[in-house]
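Sending over a structure as structure tokens; questions will come in a sec.
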Amino acid sequence: MKEKKNNAFTRWFYGEEDTLLDKVEMKPQKEYAPREGEIRELMKEREMLREQIYDVEDNHKLRLFHKMYQIAAVIFCLTLISIMLVTVSWLPPNGDPDNPVNNEVSARYIESGLQETGAVNIVTGMILDYRAFDTFGESNVLFIATVTVLILLRLDKEKKALAKPGVPVYQKPVDELTIAKAQADDRVYEPKNDVILQKVAGFLVPIIIIFGIYVILNGHLSPGGGFSGGAIIGAGLILYLNAFGFEKTERFFTEKTYKWTCFFALTFYCLAKSYSFFTGANHLESGIPLGTPGAILSSGLILPLNICVGLVVACTMYAFYVLFRKGGF
Amino acid sequence: MRGIMQIFTCILMGFLVICAISVTFSKKLLNSILIFMSYSLVMSIIWMLLESPDLAITEAAVGAGVTSVLFFVTLKKIHAMVGEDNDERKEE
Amino acid sequence: MNFVQNFPFFSIILSMFSGIVSSVLPARAAKWLNTILISVVGAMSAVLLVYLMGTGESYVYWMGHFPAPWGNEIRAGVLEAGMALFFCVIMLLSMTGGRKKLLGEVEYSKHNLYYILVNLLLSSLLALVYTNDLFTAYVFVEINTISACGLIMIRQNGRTIEAAVRYMIMSLLGSGLFLISLCMLYDLTGHLLMSNIKESVAVLVSHHQYSVPLMTTIGLMCAGLAIKSALFPFHSWLPDAYGYSTVSSAAMLSSLVSKGYIFLLIKIFYRVIGFEIIAESKVINVLFVFGLLGMIFGSLSAIRENDIRRMISFSSVAQIGYIYMGFGLGTESGMTASIFHILSHAATKSLLFIAAIGLTDVSKGSRQIVDLTGAGYRNKIAGFAFTVGSLSMVGVPMFSGFVSKLLFAEASIGHTYKMLPAVIVLAISTILNAIYFMKTVIRIYVPERRKDCEVITIKNEKEYAVTLVCFIVLNVMLGMLSQPIVQWIHTGLSMFG
Amino acid sequence: MVGPNLFINYGEAVAVILFGIGFSNLLLQKNLIKKIIGLNIMDTAIYLFLAEKGYIAGRVAPIVVDGVQEVEAYINPVPSGLVLTGIVVSVSVTAIMLSLTIRLYRRYHTLDLDEISMRLKKEGL
């Protein structure tokens, strides 16, 4: 080992001392409880069910049926594929510039896309300006998907979950909920305080997140855009969560953060696009400057919209993961 | 040069088909998901070769990244990784 | 441009925006926002309908600064505006009718999420109705699918979750087929806009180019949408989904969600491929056969069912069979009959679901038909409404079901070889309908005094009673005013051309 | 019966083969997780099909370089845009399906839909 420097980074790099140690205190977590018996019981129950229902041991007919089912499935697959292959063989040839797809539509995107939208990346210009209605619909798909996952996996406190007092309750959700809560709460599993994982994550997470921000901000100049950048940031957050545990992430990312970030980003998106649709349809000037193509602050609404989409996607991906893990933020 | 690239594309596409079929017939769920991850990565390389870098970057981030992670969490939740866990404990 | 012409765009964007806003509102506010939204959109559609009736021609509306083949576009005609109005009315009534049940069946903390789903469902229905671009249609089909899945499983018991899984699998198969046929169509024509595709397809057909892929494409597209709208062999998810979800979801799913897909299919027939080409192709024969099978097998399964809500759900399978049979006839009058049946089925089926819930509530919550004995006396308004709905389903004159059956019969007469099967199956299906609906109606009016059951009068459930009265009026109106409505459908279809 | 372009369109051919495999998996596999993987394979196959359709031999990606704006320089940008939209949809749908799977497993401790419906029948619920 070489001589010690009083630099925090070098000390950390040589593994002398964890600089994060004093600043971020990690509470001692419960040990990972095997709960082997429970799992065994589950498997056993499942096996019993399987036997009861399928009766595999005795029922040769059923076994035959399964064989036939598999063969029928393969035959179905082959038939479908051959129909589609015949169709493909009649389609226009691949890579030919004279195909019907290469018509005036794509020609205008390429020839005047730069002037009309200000985006160097024609694909981004197309999805966020020419065909923006589709893209707005797409962000709504993501939004509604999170809503559905929230409905399915969020475990609410019992008081909140019940309707107001005085209203007849036909079916109590509490029973299933409490069982689910016990199972889903997997805080006991983590963090395992894996030093290698934490070190690597400490290196990688900032790089990943910065790369994601770069991809979002350069969406109109280079490949990528709001969606891919957001997914990269989301992946970075998930890595961070896995390395350091919920305790740390909950300090900056709770359900409230998620809710309001998504709300503001989508509201801005909606209002901006409504303005541009309305002025476009009524043949008014939009008055949004396009800037010089190639500069980072150019191409009108595309940059802010990319940022909005990126925020929504990053939050959504992280939210999916957290909800899957423990049913709540 | 183009001929070589074409052969390369063909090999990758063959790999895609093999991946898809082996997902169908693999016994362990964990294996299927790993195969699906590699399928996604190969797909993003093919999109790179087809001159669509936007798609390639998105597929690499989403298909091979986030979707697979979600699959893994689901597997954990449904105790499908239980076999491996037991083995580890025995070795300990 | 007239200001009224902005209304389709306003209604779509408003419903999306209110969905986004609902995510941060408490449940009560979300409820009011939802009610106001549906009423406002309905009012706007009504004004638009009157305006379009006045001008007599459809128009296109740019979504953005670029004209049609480059930018997105929506298109409004008489049929679209009327459908939007009708969807809003049904949705408003279904929501008010099931609101009380919602409190008991859904966790209170998730109510605002429910209203988000409903708002986005409305937006996707409106977009499917108004869109003039196939890919936009695909995106909104997905929103429709996901929100329908949410509506099914918001009442979280094992049955609904299993139904939601089945529903999602079927729908995703349908979406996959729809998307790949969309890609092939794009490859053959180079366009995504409906009117441009139609021009290119007409050129291709007249030159006999690409006839094989064109045929496969049409087939796959019809198959995809038929799977999504639960045509007969693909209906396995339907009884559980409609039978066990909370009542306003069931009413909306049966009357709106599948109708959205069917309306999209009509648009594809008329505005994408061209009705003459469809009528000559073999695809509609397949739809015709499956429609007939659905009419018979749906009714047969409904007869076997002892559970009132599952019985109504199986009846939906039969009714969707009617609609596809109308498509299968391949004539203008068959199409008119189908569109009228969309309206009449939507009005009747949601009425039946909401009335059934009133009947089961006064029978200790049991859904077995046997336990409903005398329920018509304990909850008079629900009993009356259920009777009206059943009579309409069976096809008694004065109610909407009668008119649609008449239109189907008229449409099939004059067809050389499809007349006989269509008329015979129509008769059989009517008899089967009569058997299971009349059985239930008689059962709920068998006099039996049960002291242990609560009695609901109009006074103590005003909202519910008003909803049912509105539904009854709607049904009778559809039955009595059929002439102007058929006239309106004809005008709308001619505007499609 | 078979048209002239099968071997030129080898990319599309692979795409539809994958589509068939994915479709059959989604429809016929018994295990829910494998169904979901099938769904993803089907979707990516469609996107591969679209990307093949946009490709034009010898042209580059549609990002304007050095102000060159001739149609002959770039591939068709439309399919890329459509695929970008489509990928988002398939991710959302996958997340929903997986969360449904978790709930279903919590309730019934199995991933086999047929098993669940048989159980429901036996319970007579």
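By letter and in written order, the chains are A, B, C and D; residue numbering begins at 1 in each of them.
One rule holds in what follows: a residue touches a chain if its C-beta (ideal position, glycine included) is under 8 Å from a C-beta of that chain, and two chains touch if they have at least 3 such contacts.
Predicted, not measured: the structure shown is a model, and the values here were computed from it.
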(request) Consider the two chain pairs A-B and B-D; indicate the one with the greater count of contacting C-beta pairs. (result) B-D
(message) So, comparing C-alpha centroids, which chain is the farthest one from subunit C?
(response) B
(request) Express in whole angstrom the distance between the two chain centres, defined as the mean CA positions of subunit B and subunit D. (result) 13
(message) Using Cα averages as centroids, what's the distance between subunit A and subunit D in whole Å?
(response) 17
(request) Return the distance between the CA-based centres of subunit B and subunit C, expressed in whole Å. (result) 39
(message) Give me the residue numbers in subunit A that touch at least two other chains, ranges are fine.
(response) 42, 84, 86-87, 90-92, 99, 101-102, 105, 109, 121, 123, 131, 134, 138, 141, 144-145, 148, 152, 176, 184, 223, 225, 227, 320, 324
(message) Which positions in subunit B are in touch with at least two other chains?
(response) 53-54, 58, 62, 66, 70, 74, 77
(request) Specify, in ascending order, the residues of subunit D that touch 2 or more different other chains. (result) 3, 10-11, 16-17, 19, 21-24, 27, 52-55, 57, 61, 63, 78-80, 84-85, 87, 89, 91-93, 95-96, 98, 100-103, 107
(request) Can you identify all of the chain pairs that touch? (result) A-B, A-C, A-D, B-D, C-D
(message) With touch defined as at the start, can you tell me which subunit B residues reach subunit A in the complex?
(response) 53-54, 56-58, 61-62, 65-66, 69-70, 73-74, 77, 79, 82, 86, 89
(request) Please name which positions on subunit D make contact with subunit A in the complex. (result) 1-6, 8-13, 16-17, 19-21, 23-24, 27-28, 52-57, 61-64, 69-74, 76-81, 84-85, 87-89, 91-93, 95-96, 98-100, 102-103, 106-107, 109-110, 115, 118-119, 122
(request) Spell out the residues on subunit D that touch subunit B in their complex, using ranges where they run on. (result) 10-11, 14, 17-18, 21-22, 24-25, 29, 31, 33-34, 36-38, 40-41, 44, 47-48, 51-52, 54-55, 57-61, 63, 75, 79-80, 83-84, 87, 91, 94-95, 98, 101-102, 105, 111
(message) For the complex, give me every residue of subunit A touching subunit D.
(response) 42, 45-46, 49-50, 53-54, 69, 73-74, 76-78, 80-81, 84-97, 99, 101-102, 105-107, 109-114, 120-123, 126-127, 131, 134-135, 138-139, 141-142, 144-145, 148-149, 152-153, 176, 179-180, 183-184, 222-223, 225, 227, 293, 320, 323-324
(request) Provide the residue numbers of subunit C that touch subunit D in the complex, in ascending order. (result) 135, 139, 142, 146, 149, 153, 156, 158-159, 161-162, 164-166, 168-169, 172-173, 176, 179-180, 183, 186-187, 192, 212
